[in-house]
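The two complexes that follow have chain A in common; it is paired with chain B in the first and with chain C in the second.
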Partner chain A sequence: MFDILIASFPLLMRGVWITLLLTGSGAIVATIFGVVIACAQLFGGIVLRIAAEAYLYIVRGVPLLVLLFAMYYALPYAGVDLDPMSGGALVIGLYFAAFMAEVFRGAILAVPNGQWEAGRTIGLRTPRIVTDIILPQALRVAGPPYINTVIMLVKGTSLVSIIGLADVTFVGRQIVERTLAPFEVFGGVAVIYFVICFALSRCGAYLERRTSYVH
Partner chain B sequence: MSIDSVTAALAPVEIDIRGLSKWFGAHQVLKEMSTEVRLGEAVVVIGPSGSGKTTFLRCINLLEQFEQGEIRIGGEAMGYLVDPQTGRRTRRTERDIARMRAQVGMVFQSFNLFPHMTALKNVALGPVRVNGMRRDEAEALAASLLARVGLADKVDAVPGQLSGGQQQRVAIARALAMRPKAILLDEVTSALDPELVGEVLDVMRQLVQDGMTMVIVTHEMAFARAFAHKVLFMADGELIEHGPPAQLFGDPKTARLQAFLKRFKEGYQL
Partner chain C sequence: MPFDIALITRIVPALAEGLTLTLTLSALAIVLAAAWAIPVVLGLMSRFRPLSILTRGYIEAVRNTPVLVQMYFIFFGSAMAGFRLSGFTAGLIALVLQNGAYIAEIYRAGIQSVSRRQMEAGLAIGLTPGAAFRIVVLPQALRKVIPPLGNQGIVIIKDTALVATLSVAELTFQARMLADRTAAVYEIFFALALFYIAITSIFSALMRLVEWRMRVVQ
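Our next item is the complex of A and B:
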């Protein structure tokens, strides 16, 4: 039964490459935009706060699949024609940015108010307090839920097979269509996702240990 | 009156507070407080819980906003400027407020050390970031201040590795590192285990003797009695009585202070 898996290994690895590429670029977009949204919510004026909140509600209330369809089928009518790869990475990134924003916002709020006050009393101003005192502590808090969100993102990338990107799920389906061996092939695909996510979890646990204050 | 307090009475006013009033919503927590702290003076604020002592202290470096009155530090208005013609009150720029906060150190009940930095870096941060000191100079200053509070061997420890008393002494060193005009201490021994209170009071006593200008909110009556130059008694947001400790503790004039001191004495005898 492993013959099919071994034979299709190179093809599957090409799919893995697309999945990892989407994960990486999606995570970068999600992280950057997530920080921006969290900052808008926490430090922005009333307009920015409302815009950020509105964004969160909309994105969290619409399935990723629908957003992918919208990007792929509807945006071209609006004159925006993205290739599936950058479009997919962008949609995935912007979608998970909403979850990232909550992770970062929660982490910043988890830093006790006394830390802000201690910074103020030595004459530091807000940007410096954020970079020197709040973020280093918030990032430690954010670590585990951040990794959790990235794991959700990895699995979310499987939806891009719908818009024609040859990620590992797409490749798996094609192999099944030719070999009629769904059990082996999808089993293999599942193991691949599991390995990626498990590796991420372990990295997260390692970072958590490394960055704790007291050893 | 000791020679000490005579010279203190002639010293220039470092913190001048006139008609300070503050509201939390409709509730007035500070009522027309006026007092002054002279250079080298240790002023201790006592009073029952909820009397506004901490709020008063936090107004001095604008951790709390206040709605009326004026606080001057070294002659400069803290937080707000009043237009002499129109009487309109405007908040000063964040830059000005930060600059003035740097001149007034503060030590908190809950230490508020930066948990991700060593003791040395906690103390050196302000001098580097605010005063623009070179990092090696700032760390040398920090090391000498930590030695002064008895923590020469703890420079590389992070706060989580230190006892409460040690953390509080680091916090005092952090305040001193800014070479402030005055230091505010907000119930700095209240969160400590009883056997650790002494080491922090020792450092405070040393500061009084070195002539550091201080405003101290505390429940340590013995300390107030022995080392304060002036004691303020507050209740319900009002300054009820003030004067040298011998007078307030020995011959309290108001019924409220008498009742407060009586409760304290009874508390100790339990």
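Our next item is the complex of A and C:
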């Protein structure tokens, strides 16, 4: 039963590479944009806050697949010549940025207000309060939910197979069409995702242990 | 290509053909996932070790793999095994298996958030363990569970779009057909996004109503 998986191993690995590439670039976009949205929500003026809320509202209400389709169909009409890989990473990043924003916002809000006041009392300016007092404490809290969001992102990258990017799910479908062995191939694909996600969640558990306070 | 707002009035009826399927699938998946999560959480919290380990294995397996791959596994796998499931059924099973695992964790967190002393107090006034759980613990746990359950419902509604890849003619599938036939892609995907935003907004308004009725304190 494993001979199909062994025979198609090089193909699957090429798919894994695309999946990892999308995960990495998507996570970078999501993290940067997530921080921007969280900052807009927490420290922005009324206009920025409304813009951030509107963005979150839209992303929470629309499926990732619909956004990917919109990118795939609409960009060529708009005259934007973006290769599918960058387009996919961008859409995935912007989508999961909404979840990242939640993570960062929650983490910053989890730092007690007294910490801000204490910083001000000893005469620090706001940027230094943020970098020296708030962020070190907030990042501890953010670790585990951040990893959870990255795991969601890994699973989300499987949708790019629908718009024709040759990630591991797409390669799996192609192999199934040739070999008619859905259990072995999709089982193998599932195991590949499991290894990636489970490794990430172990990292999350490690982070949680390393960074938690001793109570 | 300019955005033609007048086209929306012609696109909306065409998309609406897929609305019933999206709503049916969403409702079925939410109800069945919430129901399936009950035996899962019982298995998870069981004192019989093999059962709790098995349940934990199931939860980790579905939570660490994409629901799309699960759909393919069930859809193409069932055809291979000789009992071809429809795209709708295969999608529904995958959505229930995936989200049932998440909802079981929500139930577990809800039950564990109720202080142990509540159970002890119930036992102290002479209730049987079953009755103490049902009358004392469960009502308090349910209130904790409603808000995250609503969030999971929204995840399910959005994930129903994936059955479009199994040729189920729901909203996203209709939009894609339309986009392949016409050139009005901006209008089509704008209208499609509006449909989903409307569905999820109505759903979360309903959930807030339930929260209010159940006096959920946040």
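Before moving on, here are some points about what is shown:
Just so it is clear, the second predicted complex is superposed on the first by the 212 of 215 C-alpha atoms of A that agree within 3 Å, B and C clash if a C-alpha of one lies under 4 Å from a C-alpha of the other, contacts with A are read in each partner's own complex, and residues count from 1 in each chain.
Just so it is clear, a contact is a pair of C-beta atoms (placed from the backbone, for glycine too) under 8 Å apart; a residue touches a chain by one contact, two chains touch by 3 or more.
None of the values given here were measured: they were computed from a predicted structure.
Contact with chain B, but none with chain C, is seen for A:Pro136 once the two complexes are overlaid on the shared chain. Residue contacts after overlaying the shared chain place A:Cys203 against neither chain B nor chain C.
One of chain B and chain C touches more residues of chain A, and that partner is C. Applying the stated contact rule after C-alpha superposition, one finds that A:Ala7 touches neither chain B nor chain C. After overlaying the two complexes on the shared chain, residue contacts for A:Arg173 are found with chain C alone; chain B is out of touch. Once chain A of one complex is fitted onto chain A of the other, the partner contacts of A:Thr121 are limited to chain B, with no touch recorded for chain C.
When the two complexes are overlaid on their common chain A, residue A:Ala110 makes contact with neither chain B nor chain C.
Overlap of the chain B and chain C contact sets on chain A: empty, with no shared residue.
Residues of chain C that touch chain A in their complex: 1, 60-61, 63-70, 72-73, 76-77, 79-80, 154, 158-162, 164-165, 172, 175-176, 179, 183, 185-186, 188-189, 192-193, 196-197, 200-201. Within the complex formed with chain C, the chain A residues making contact are 57-58, 60-66, 69-70, 73-74, 77-78, 151, 154-156, 158-159, 161-162, 169, 172-173, 176, 180-183, 186-187, 189-190, 193-194, 197-198, 201. Of all residues in chain B, only 61, 63, 94-95, 98-99, 101-106, 108, 110, 112-116, 125-126, 129-130, 158-161, 174-175, 177-178 touch chain A in the complex they form. By the touch rule above, chain A contacts chain B in their complex via residues 112, 114-115, 117-118, 120-126, 128, 132-133, 136-137, 140, 213-214.
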